[in-house]
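Report on the following structure.
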């Protein structure tokens, strides 16, 4: 263990934390803003720190603060106090653990050493996800049961039945994917997707295995308890479902756990079907070989993007009254954007003029891949939010019908089809 | 290694004891999960990494979940639980009764040649080597098991169906 | 079990796999999202506490009030018509003999439970004496306790009609 | 017998009877104010106009004797116009203050206006005002403006009570009903004028402004104030978040017993049903759960087999008495219905009020239940447990050496005291349970009133079934099992009895 | 050396004994079932330990099959319990004696 390996491990853990836990407030914000825009409303736009609103992002932090400082109330009917407190911890931890094996970038080679770029350097890959996604349901079931409340219990029962039935379809849909990729290791899977199909199409999972992708995405929605599969929560019929009795940070853990689980599901979907950390047509090898050109492109692209963003910002980031403190924000942000642009361009220019070595190329590639992964993750999360504010909730029997009668046979058929193709064509 | 082993076995046994002693079935099931997960840890310690995952996915993730689901689904009232006034005494007596048996078996096993159980390298216990072994040498039992699973599935459906009339 | 099986509409394969319909819905919501993202000034939301709604018409059914006679006393004669008409049964009246010679009968207790009220306006329609109206224009009614949502006779008498803006 | 044709239908009616009587008997709606079956015709209100073939003008149905072959029309544009004109005249000086008026909802004037009125007012001169609140005495309040001067109330005091307290003063527009100076209405049947008044002119102080009548639900019941057992309507209503309340008793027509009237004492006796029923089961002076107290009752009975005296009220229903008799047989107990304060000579009169204050005392000899002092004393000596059922006059044993005895009390109203009681178990009061009663003249009547209250006390029959260990919880079952087989009740059918009173020979 | 083969045997034997005691001494049919599962797991532990000891995959495969059988057993057993509970409204295994006789449930 030298200083490089330790720092890489620390960076990995920080990245994993950022992508899962740090993403929670951002996801909450996305959820609210997107919901607002989809429904022709504004969404959060009021909360500010000295005029800085960041488009309402501050509200999420205010919310978190509120959850931390609220009274942690426990109804007198709750007899299993220990399990009541344990439940949100289980949900949170298992959601968090699932995220830990997602690779943010290709294996980083520094000198002779190779580092896994994931939170926990375990190469159990997909199985790990299945295992801990399955465990998170205990939190929901325990929470509902310990609440000693009929609505909560109903929510738990629904969650239990839902997870059992959707895990089967999820596992089966994964089998065909794994047959295609020939590995359960996520890095292998992503690198497979870095190749090109017929020489010009990126061999992304969504293109090679569209059916498995659809089934997996649907079941991932169910595993993450997101609409249209959030019958465990079902506020219109079950008040709040399993978390009816929860308040303050114990509810907060459920709340954050849901977003972390959503993030983890998104990460796995991205990794399995959307090329993971790869930019299309630019796999690790290509990136490393043409790193100078890529960096130069960034030097041009960044100011352009910043220009359009600033224009949009000045148009839209306004407050009702003139002279309100919130109206100063745009100018301030504009200065920050200019500063970042200058810094990045100067830094990159300086570096390019010095010439890029192999280690530098590798690190730059890793940074680009991490950003790619982050953007893909955010887009996938956006899809989760988008679906939530479009589709209505399934009725319970419809949900079971879909799981057992449609998704599972389809997944099995897909396995047979994939296996046949693999055996016949020997791909 | 030793420390991890001791901690995991402690949790496994504690969970098992809790399972037997608990009055409520839900408590029993939750204790059993503790045992199952601790056992999964022991599997990992024996470098059976695939079994570790299978134990968690199948046992903890599916079987016990189903179990707790059924317990909640039946929503057994306190009054419908069996009365077991002498439970603790019978359990204690059972332990006393089983002590000699344990002693005998362990005594017999004690003379097996000792060898340190270590984490193995190069893919021992991983999915690939296990799969190779399974589909080369154990194909027939594998198929039989799958037929058994099918039969169990059909049986469960037949049992669970609403009775006519 | 009382499960009612509803026949599904749509026979063709396209209808039955739902995916085209789902995608269509997703496109609609995405369209809204992008339009509003491009130009937020399209959004018609009020910034509520700073901007108050201006479109409360005179027929808007706000919180109730009891009207008064010219001498300032209660107009209501406790005829129970409103309580009879109320579908939510949220009006609680007790009648009493009126001693001041203006009339024979008046309400001793006149309570409206706003938590039960559905704001249907049935009481106003039913009133033969024009004693109850919903023209206060109050559309928010905030309280900290359940008891505070019980509008008593005095409270109901204290409300004034909303002034029509010129 | 005569045949007449009414609106094209041929009716077979009694020759010489009043036309209105037969029309009403055949359920033909004919508006009327002044006619009342108990008071007869007066012919002053002119509301009951009908067209009779061969007569030039419309005739009043209440003063037209029936002749064979009469052809009568009660409907039609012409007769409606006549009725509307009469109604318009009745309403000229009427204040039309229905929202305030207590009669609204059961007011003839309102109904007739809705049937045939519905005109725009043509009045241009001011209305003649009368006094709005005249206290006539005896709980009756008069509103002179609302009066239509049908004189039913005046005729009631003339013909029924013969006290002649009311009369009509002044002339024309200024005619009003009034008492004579310093002679208020004061006879014991005065409140019947409130029921008689077809409009809201006479209202009862007792009921005034307490409840609008359309909220009230009516149950058919029997008064248990005295041995007459007048037929009643019990008007009750359960207001939201409150308990069931009885708001008034109204007389129910029963030709065999009370005709159209009841006495004021009986009419006001409903207050007891409302006020004196909120008490808890007590075991040795401590409050207890109902179920537990019930169990305690059963244990007391089982422990004291052969050593019990059941002191029952003679106002219990026939079913309850029969079941108590069975109970006494089962637990080898003595029954006594001895009541020292049963008779009140000041109470009785020659019209409806009866000096015997017990509602069902005639049933005691029929069932062979002891009601004399001797039997009571003997039973008292031998008993260790004394169970008072439906009565609370523990004072009568206080004079005897009762400290050595256990006393249990099953009662429907707040007991005067409860110290020293082994058990106090509330049961539903009179209006809380149905039952059959035999009045002083041997007329069997069924009281069908079973109003349930929030406190959820059990009916005596249910408790008796619990003690007897069977399931005869309702009157029907008791009749079917036992009473129907008793010799005095052989000819009676319970189904028929439910709706009509029947006489048996005592 | 705590993590020798023998120590795994000790753990497995303890778990197996607890499972046995559970089957013998409890009446709650759920607990009986869980005790059976516990015994299966204990045996699995021995298999996996032996696999490591002999460095052979065979016993791991057997362990895996045991898990599969346990899953099948769970499905059957639980549906049985549901049916029995619906009829008898109790979890007392003594009440299910009828299963051993020709008496109808």
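Per-chain numbering from 1; labels A, B, C, D and E assigned in written order.
The rule is simple: contacts are C-beta pairs under 8 Å (C-beta built on N, C-alpha and C of every residue); 3 or more make two chains touch, one makes a residue touch a chain.
Not measured: the values here are computed from a predicted model.
Counting steps between touching chains, the shortest path from chain A to chain E takes 2.
Traced through touching neighbours, the fewest hops from chain A to chain C number 1.
Shared contact partners of chain A and chain D, listed by label: C. Across all inter-chain contacts, the pair with the most C-beta pairs is B-E.
The central chain here, found by comparing per-chain C-alpha centres with the mean of all protein C-alpha atoms, is C. Chain centres here are Cα averages; for chain B and chain D they lie 76 Å apart.
Between the Cα centres of chain C and chain E there is a gap of 62 Å. For chain B, residues touching at least two other chains, in rising order: 50, 62, 66, 73. Of all possible chain pairings, those that touch are A-B, A-C, B-E, C-D.
Contacts from chain D toward chain C in the complex involve residues 97-100, 104, 132-133, 208-210, 212, 214-215, 239-240. For chain C in complex with chain D, the touching residues are 77-81, 84, 89, 92, 95-97, 103-105, 128-129. Partner chain C is touched in their complex by these residues of chain A: 34, 36-42, 214, 312, 315-316, 320-321, 386-387, 389-391, 397.
Remark: chain E residues 1-11, 13-15, 17-22, 24-28, 30-31, 34-35, 37-38, 41, 44-45, 48-49, 51-53, 55, 57-58, 60-61, 63-65, 67-76, 78-83, 85, 89-95 touch chain B in the complex.
Looking at the complex, you find that chain B touches chain E at residues 1-2, 5-6, 9, 12-13, 16-17, 19-20, 22, 25, 28-29, 32, 35-36, 39, 42-43, 45-48, 50-51, 54-55, 58-59, 62-63, 66-67, 70-71, 73-74, 76, 80-84, 87, 90-91, 93-95, 98, 101-102, 105-106, 109-110, 112, 114-118, 120, 124-125, 129-130, 133-134, 137-138, 141-142, 145, 148-149, 151-153, 155-157, 159-160.
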